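In order of appearance the chains are A, B, C and D, and numbering begins at 1 in each one.
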Amino acid sequence: MFEPKIVCFLCKWCTYAGADLAGTSRLEYAPNGVNIRIMCSSRVDPEHILWAFDRGADGVFVGGCHPGDCHYQDGNYKTLRRIELFQRVLKQFGLENGRLRLEWVSAAEGRKFAQLMDEFTEQIRALGPIKLGSRKGGQDGGSTKKEETS
Amino acid sequence: MKLPYYPGCTLKDRTSQLETTALACAEKLDVQLEEMPNWTCCGGVYPVSETKIVNLVAPFRILKEVQEAGDDKLVTICDFCYNVLKRTNLIIREDSVKRTRLNLFLSDDDRRWAASGRRVGEGQEYDGGVKVLHYLEMLRDELGFEAVAAAVSKPLEDLKIAPYYGCNLLRPPLEMDLDDPEDPRIMEDFLGSMGAQVVEFPYRIECCGSFLSLSSPQIARRLCHTILESARKNGADAIMLSCPMCFYNLEQKQSEFARHFPGFRPMPVFFFSQLLALALGLDPASLGFERNFADPVPLLKEKHLV
Amino acid sequence: MKRIGVFVCGCGINIAKTVDVKKVVEEIGHYPGVVYATDYQYMCSDPGQKMIQEAIEREHLDGIIVAACSPTLHEFTFRRASEAVGLNPYQCEIANIREQCSWVHQDKEIATAKAIKITKSIIEKERLNDSLSPISVFMTRRALVIGGGIAGIQAALDIADSGYEVILVEKEPSIGGHMAQLSETFPTLDCSQCILTPKMVEISHHPKIKLLAYSEVVNVGGYVGNFNVKILKKPRYVKEDLCNNCGECFKVCPVVVPNEFERGLGSRYAIYIPFPQAVPSICTIDADACLGLFPLACNKCKEVCEPNAVDYDMKPEIIEETVGAIVVATGYDLLPSEELKEYGNGRNPDIIDGLHFERLLSASGPTQGVIRRPSDGKVPKEVVFVQCAGSRDPEKHLPYCSKFCCMYTAKHALLYKHRVPDGQPYIFYIDVRTAGKGYEEFYHRVSEQEGVVYLRGKVSKIFQDGDGLMVWGVDTLTGKKVEITADMVVLATGAVPAEGSKKLFANLKLACDENGFLSEAHPKLRPVESLTPGFFLAGAAQGPRDIPETVAQAGGAASKVIGMFSQEMLLHDPIVAVVDENLCSGCKICISACPYDAREFDEEKNIVRVNELLCEGCGACVAACPSGATQQQNITDDQIREMVKVVLGE
Amino acid sequence: MRTEISARKVKGEFLHQVEELSGQSVWACYQCGCCSSGCPIAEEMDLLPNQVIRYVQLGMEEELLASKTIWLCVSCFQCFARCPRGIDISKIMDALRQMAMAGGVDRFGPGEIPSAELARAPQQALVTVVRKLGA
């Protein structure tokens, strides 16, 4: 079975703490993601995401605080805007939008984090490995939460 | 100034004095009100049901014709027409789904008209661009009450008038957006420009009972009696209003009041346009006072206005 | 190359059960740069820490990684241990292989592989870590308190009593705020002046407090610990140090105007003291009312002033002060009655608001505490109180609940009943909110024993009807539309941020909520701090609140200030943003990304600089910078790139 | 008899339909009663306007469709103008009338207008009453 490689950028105050809570609650979830702790989701530069895809990631997950809860006032709004814009760029690279996912997970949402990890892994699994052919005009695979809301 | 004008059905018949005086005054004030051709009934009430979009077609067609004739404003006189047209216009402007549906509706309609050989619409989308004006609003915003004041030849100096707004002119406030819904000034300022004495009374924005005068007459009667008595208590000689429905309830129905309210004394009720005509020096005999139940002429005589 | 040591913790079996700790050590042991790797059962225990310290010294380690539980738990522990043996604490990093690995996976092989990846990624980060030290900032141990209501007074006294200097700025001629206007206070009915006046006097005598009344803060520069404040002292035209409050000048002043303190129900002269207990107790000339200062038209007050305190030539003065912390306590005002058009539009003298009524109730008020209605001085026998006047009305007025009006209305009805025993009070309410100690009991007393009639429904309209006021309401409990002909109506108008505070908050760059009240850093856990470091909040400026809550919060704000001042130095996390001057193109994109105004443009060099005291280290600017000129300390783009690589298995 | 309250009623089709027809969010109402205190007709109504909203919230369809109130509201918009939650109650009244009429109630036809009135009432009043109260 295809085991996707996933890089997760988690903000220190909310999502990383949510991931910790999933641990203290002993919630088992898919092991495919490896977390990188940053101070705020707004630290994520689209370039980081590109690096990840370039180095063989099949999916990238960005986790931040819920809107209004950002430790740095409005960092997560900046992230939201950047990621939304960047989804379009990804498309041009032939990468499905479903490969990049932005989610709000609070420090109390350990369960949500675990579920998201499972869900996202499945989502990427369904998309399959990044094919070279798909780098041009590849069709849209998987839907992201973001797409539904925007 | 030339503006298209929508009369509505009531003004052509039961309250034609409202139209004739308003048009005569406009002429005096150098405003050419041109009755739009092919107008139809606006529907009388704004269809508040969200689903019955078909009821919006009539006012929509009226507004669309204005735009097609190359105009961007439309003057109305009757409060009900004003309410219906203004709110329809707003919904066209703000609700794109309704806008599209109404436009589609009328494109069919155009074809039907074409088949009947009457008139072909340009098939152009109507976007709500027409500004619907009440006659009073036209005086205030287009002409200016100063201009009205300047044209007054017979100031209504001793006349103590209580302006009455009723419901449709001001409400719903956000949609009508004519004046402050709780403390309107437009009628007061209008009266002021004619030199009349304004009597403010607490019932000026209370409803007269509207169509209940037909379905539950006793309720409308009670409401109107309270309104008239309050105006009187506050020192008014007469009431001024702008709506044919209010006129019917507050004036015409006074004929029954004595029977229900012992000791009731009739009170003159004017259309705003009748007072304006007086102030502009038009012939008092031409103002349609003979249609009133409560004859205003003795009062006007007393104040040396006829 | 750095000499890195790795310490893998088994956490009893918490980690060891799913992660093959030995295997991790073995793999990592061969990883480039790692000169020492070992495992231990309980790394955070004393022996564990000792082991790490010994290894640091023995192996001359420049950096260590503890692969264990979440950094949230023990990062501090291990950094402190490292520091104790001379390793810079920022050279100690934690790889989270428990919460984010061993506890969430079952398969030992997979978990072990993941633990290795996690640890390697942290090694890559550590490799590029700089040795940092917390940014320590010199701090001025002096506080500024803006607003001299009960909130500001309490905060100033608490800070000053701890021995720190305080500058208290009040825009009105006297401190006291709204509490000074109140008669008696719920729920205990103690006299407001009696409990407030001693505090006001204390302010005026306190050796550590500098009171600047009739003054306003016009500008604040600098940052936490070192704010430069410009204060405008408005001219009183009376010398503060000379006026002895003898009152001779009032006797001769020919100008009588409504007194703001009495909400216009009483009058004062052009030279005046707003109320007898005012602090500072000195006169002020109201230049707008005075017959003429320029050119001098009257001169009467100056002639009679024995100590020669009157000085018509007084000029506005700008005072500059340096302070370390600022408490904002600018309070509230009531929504102007003119906004409530359906309730008389502010034009009917007998439809008054709660503060008017407080003045009517006050023994020192314009009627000496006798309830007389403003229009004709008649004692009103039927009085209607209208709650939620403008509050809880998102459509037309204020969306929020003003919090103290249910209680003050109950108090008003009760005090009215005490003053006019044969009078009848009615209260229209939507809900009665009495969440406070003794509040519910107070409400019961009012509704049960004092004969106050509560009617549940929102009043629709109030108007003059003959001699009386017609109040149209409803009693939803009986389902009846009701009307009351009242002699007087008291509106419990909602509270809004104090006049002028919008401008002030914008000036101070303080975040406000959508209603204009100050925003706290966290609604539950940091309720007395602003998001902007160094600013603290007290009282109704943050949202409507009553006196007990205001005083508690003011004390909280003061203790935060005191806590800050009691530190030796202000310490600031050094993971701030830095700019490489050679790379920065001066495009300024980063400036707008920064939520803390920490980035400023250097005109001369055409680059942007970071004020590391203001930078909170969010990294938003780094992501925004198109040229890579700005980086975040120890979370640089290079570090992230290397981490990403390792995570993906290179 | 006690009035039953259940999820079936408070989340039921009826409430949904009222919201659909009126475009108003019924649960926005917090029962302040302001609509009733200002309604010029309220004293003639068997249910006050705020009670109408409450009955809708609780899904009390039968009681509502049998009430006099819905035939007495004249769409004067006074309630709407002052409702702190911006609810256009007249639209809800219209929706209820529509539903009552769909249920077979034909409240008012031109035939019921006395001929004397027919002869002198303004057209606008005739049109309105029929459109508001007739099918």
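Throughout what follows, a residue touches a chain if its C-beta (ideal position, glycine included) is under 8 Å from a C-beta of that chain, and two chains touch if they have at least 3 such contacts.
Because the structure is a prediction, the values reported are computed rather than measured.
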item: Chain nearest the global centroid, as defined over all protein CA atoms shown; value: C
item: Pair sharing more residue contacts (C-beta pairs) when A-C is set against B-C; value: A-C
item: Distance from the mean Cα position of subunit B to that of subunit A, given in whole angstrom; value: 61
item: Centroid spacing, where centroids are CA-atom means, of subunit A and subunit C in whole angstrom; value: 36
item: Interchain centroid distance [CA atoms averaged], subunit A/subunit D, Å; value: 50
item: Residues of subunit D touching at least two other chains; value: 78
item: Where subunit A touches two or more other chains, by residue; value: none
item: Interface hub residues of subunit B, defined as touching at least two other chains; value: 182
item: Interchain pairs in contact, sorted by label; value: A-C, B-C, B-D, C-D
item: In the complex with subunit B, residue positions of subunit C that touch it; value: 341-342, 345, 461, 463-466, 470
item: Complex contact set, residues of subunit D against subunit C; value: 30-39, 42-43, 47-48, 50-51, 78, 82-86
item: Partner subunit D, residues of subunit B touching it in the complex; value: 8-10, 13-15, 41, 43-45, 47-52, 55, 78, 80-81, 166-167, 170-173, 181-182, 205-207, 209-216, 219, 223, 244-245, 247-248, 252
item: Subunit D - residues contacting subunit B, complex; value: 20-23, 40-41, 44, 71-72, 74-78, 80-81, 88, 90-91, 94-95, 98, 108, 112-113, 117, 120-129, 131-133
item: Contact footprint of subunit A on subunit C as seen in their complex; value: 70-72, 96, 98-101, 103-107, 110-111, 114, 117-118, 121, 511, 531, 575, 593, 595-596, 616-620, 622-624, 632, 635, 637, 640-641, 643-645, 647-650
